[in-house]
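One chain, subunit A, links the two complexes that follow: it is found with subunit B in the first and with subunit C in the second.
Presenting the complex of A and B:
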């Protein structure tokens, strides 16, 4: 009998070995092509968006040089315009926290708000600071420029005075230059990494915690939940605190673009979901197609509809979220609720459909 | 009937089977503890979390900070003692208590196979597993050739119960007629060599696996029991558990524990040969007085048999307690545990807690990551009793922070086996006022999907 068992064991392992060497060349016509999805996301969404952002940032940097060399009203206006253009564009970038961007913690140098004004002012007055320090995450990037261009004084004349007649004017100018250089350096690093990282990215199609497919799905949901829903809408509306916090809106000093930035971010989320090419109307393989492959038309439809509901609700708000929260926070909370409904569809339903693990602590499970 | 029973209870079998089982069980448990320890799970699951989900009635069982390591050490040590059969009774009692204590510390990590190990080790307390090929018998200079047949049969019966109930649990419409949750899980294993992009993507294969799994579970106890089909049965055990192990690595040691356990069904002579092989190698293990049969002292027999009787009665009844609850079992999970429902549902949940001041109506939402590890949050998000316990924890926490008139509400959604997510807990119920009990939790929103679940 012992012999019998060993024969069985050998037989099983042979069968096992055979089945795993059979049919290596089987084509997978009926399988969802994740590689194609990643290629679309890299070539038609991420890389063009980053390219565009580089251009906008170059313009912003140029305008910054002009302004710091010649701080006058027209250069201030030009700088403000290019800041606005780049900030809007940034809403298409923050969502891609993968590769170099993740390694550098890119977004922490670009758009941490609310800004800590005291840190900015003390950096400027001391002239001694390290923008790479994590203590300065909330003292640089777009929010710092927002403050320096709109909030550093009450009127344009007084703002210009900060860069001309103020005792510390050279430090103020230097701070603008340093913040812009920092944004530029980090962006260059991220953008240039894609030329080599792309091939690694598109090949990383496995279902593991660190594969590109799983990471972009997780990052997508994380951005939607945190970067968009919470930071732009929920936190100012006081969803996570005892009181409403209107001063925590994005672009707090410029005031009138918080809604526009939020809508831009939501549009980028929707386009990404649909696999729509950046800056064009062509749609290729995206998460939406993955759901359709898994026969989840119902879910795909629910998500698309819910994104639209959220968009309609946000559209009905004041351009200036600070005022919206201040005057009628109920409407702000309603917009949050619409955004929230899509969080459930993405985080619960879509993740279940993709069967992607969001556990970073691993452990045994038997359902 | 009584006569049949008494005759049965007097039947004898060779000691070797039970000794081999003891040896392998102790060894597997030792490996499990080593594995658990080396993965750093003692720290991440028991020491790091600020909060632990406790079992109803066992709230006092808590991790012991750094002494938790000592607990695992004791548990691991006792499993070696079991394997070699040294101070067996003390070792198995220590193992049962320490292992069960570990499991009771946090129900986030509840697994059917941990529960299986707990009850199996309880059963082993009463069996003469050290009657041969053990340090105990070496020291006593005597070993027994035969033991009561019921002792080895009780292990077989327990295994049979596990498989058969696991099979019965699969007889539901989601498993059989929607191929769920395999239809979600298998396609996601697309990067599995060869079959990943082919079979695992095909619907007929999901159905074949579902039906095959159900038939396997229901028939395996019988295939293993009858001599003629035993070889086939054991082949199937190997195939089935090895494939689940490679497809679902997250089930950990379970497949191997089951494979090793089912060896108990093999013919007793194989076990004898197996032991003789080792006995021959261990030179000093000789000159033992051979006693024909092990007999329990009358007094202990009259205690042990009723205990084992009640034990099995509970095992038979427990999986059916869900019938006492009206709503859908897979949705409410009332009566779900301890019933061998393994890999039966794919659930994803979302639970966002709202702390409200009843007087001022001011509220805020809680960031779960402030209090829970990601695995705790995941398990909590679709289990009512977890949600309730956590709600109370949050209420107490914010009370201690000086908040007044606290109410705790939850916005929660659950998706079950590929259905669209739906509201799970009544968002208008202040959970801080609700108490845990065995009664139906009427604050769970009734299962309302148009795709009903029918079956056992």
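Presenting the complex of A and C:
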């Protein structure tokens, strides 16, 4: 008998060794109230954040109309201010790549950087372009406005000249208008979809590759890893290239807000993790609570602490990441390292605790 | 009844065990041939290992790879590198070499010595891709591509810009990935590891007697001709790498993709399996043990063919996953897949005279990939079916290869 058992054990272990790469089943092993978590995320985080962003974008669009109708210094200043307010707010939106946002690939029309200036300039000079073409994903959104409001010439007087005396001034103005309209159209579509999508979203509690729970958890980690860690810090610091690439920072032309945007993004990640309501100090059910339910206080604490370490490190950097990378990239890389430490906790440990499979792969970097 | 069951369990176990570890046999001691620690062989204090001709051809292929997207080059420039005519290489020693790449494409003894028809047709494919890269792609470099229109197209989200023909194919990828099969794999598996080459003329009696090779100028070499043939197989994989401690990813061709397959956790160990088989086979020639030699050649046929099969399925799957919502995001993967699929006709089943897929089967795959508007309207189903068809002939699954 003992022999037979050992034979079976050997056989099982061989089978296991042969098939261990084939993934796990998809049933949820715990009784955590995932529905309550989704309701909190929809009603107290996603919908209010989008509502606020809509307001900021309306203000931006209005300032754009004023500026293009009457391009003077005070209208330029007002447009810059509303651009900055909306850009900060955007840091709370990009992470929600689900539903209509995912279907439209909303973020591709809002914040792909670095901008390809050659495409922007050739669009303006020809006057003939399709902002829905993927060729133009990196020629619109906040980064295009960053360039048009700060980088299109060296001084404010010369920038204003682009919209007044330049031979192509009408095309320059039209480009601002078209970019703002594009941002507005896409945003309206995403925001209005939530009134019908909400019920589908909060009911999608199962543990499958396409359920809302699995997707938002994956999207959360993907955003943290790619949108925040890589795009804002790692790529400019040269982590993924042979040389540092300071010109790839966010808001490259405005220069002095790259740190602020990064901190805003990290704060939105932290609040989302904790289930904290948008724009208020109330916390309800979030990923953190899910970990506590699973008796993973240890992991929850590690994640919270690591987010704080990253925040402290980022806070110590220059407001202008271009200068930071240029002058002292070592500190930028240290900030990257602190952000990276949380990737492991989220992508390996938290996913394991939730029994959720990762749904994205890193590209193989083949040229 | 119980005994029958037990027997069934045990035989099932055996087959499982076998399928898990069939690459681990006879690497250590076999008929008194011992796998040496490194690919290093000496006679009278001199190294007997030589594959400079293979290194030269890989270097030529590297230079060609480097200019396939250089629009300052003409068709004549690119052809000149493919055929080594007109002093087109930046490295003068390559211009002076008597070797060239084109002559060794689809030129193995086993597959093409009596089938110049196919050999010529395949060389012609490369010629036409090179011509089309200049005439269709270079000439439309700054134009936006669309369905049926060659030019440039950017991947979504500010991704890479790709330069494609009217069907979405990057010819440069087709050329490079097809050369992996047409040059490296064909020469290794169907030429230098073949008994028809290793044992050609008096090679075996010379090797048994330790008779060294005398070249056409009358110079006595440090190796027997059979040893040299084996080294030439080795050189097509490791020609730019460190022979005694391979680092991998040292070229843009087979060495790079061995590194990629090794990096997939489902296949880790394949690099050692291949290096060990090359070492033991070479040691077997020194020991005059031809059974061990041919057993290692069979291992190499299986494992090196797998590199092509795995990467073909990998890129077809990556392409399939990227078809929607932005079809252009799939073009780069599908172009690489196109080349690896093309390379399948140069693979070699162990203990047989057959590739895993014949030329006509590969032509069938290529015509599916090229039908109508090509990658612009290929279906997920077509790519999935092709992936399954390919994987079914190998010892891996679509899932293992595709991730």
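The rule is short, and it goes like this: the second predicted complex is superposed on the first by the 328 of 367 C-alpha atoms of A that agree within 3 Å, B and C clash if a C-alpha of one lies under 4 Å from a C-alpha of the other, contacts with A are read in each partner's own complex, and residues count from 1 in each chain.
Everything below uses one rule, namely that a residue touches a chain if its C-beta (ideal position, glycine included) is under 8 Å from a C-beta of that chain, and two chains touch if they have at least 3 such contacts.
Note that the structure is predicted; figures quoted are calculated from it, not measured.
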Contacts of A:112 with subunit B and subunit C, given as first, second, both or neither: second
Partner chain(s) touched by A:205 [first = subunit B, second = subunit C, both, neither]: first
Touched partner set for A:347, first subunit B, second subunit C, both or neither: first
Which partner, subunit B or subunit C, touches more subunit A residues: B
Touching partner for A:242 - first (subunit B), second (subunit C), both, neither: first
Which of subunit B and subunit C A:298 touches, first, second, both or neither: first
Subunit B and subunit C footprints on subunit A, overlapping residues: 4, 8, 21-22, 361, 364, 366
Footprint of subunit C on subunit A - complex, ascending: 4, 7-8, 10-11, 14-15, 17-18, 21-22, 103, 105, 107-108, 112-114, 116, 133-135, 137-138, 361, 364, 366
Of subunit B, residues touching subunit A in the complex: 39, 41, 44-45, 109, 111-113, 181, 184-185, 187-191, 193-195, 197-198, 201-202, 231, 234-235, 238-239, 242, 250-254, 266-267, 269-270, 273-274, 342-350, 362, 364-365, 367, 373-375, 378, 411, 413-415, 418, 420-421
Residue numbers on subunit A that touch subunit B, as the complex places them: 1-2, 4-5, 8-9, 12, 16, 19-24, 26, 28, 30-32, 34, 205-208, 234, 238-243, 294, 296, 298-299, 302, 340, 343-345, 347-349, 351-356, 358-367
Parts of subunit C lying in touch with subunit A, wherever the complex brings them together: 6, 9-10, 12-13, 16-17, 19-20, 144, 153-159, 260, 265-266, 325-326, 328-329, 332, 336, 399-400, 403
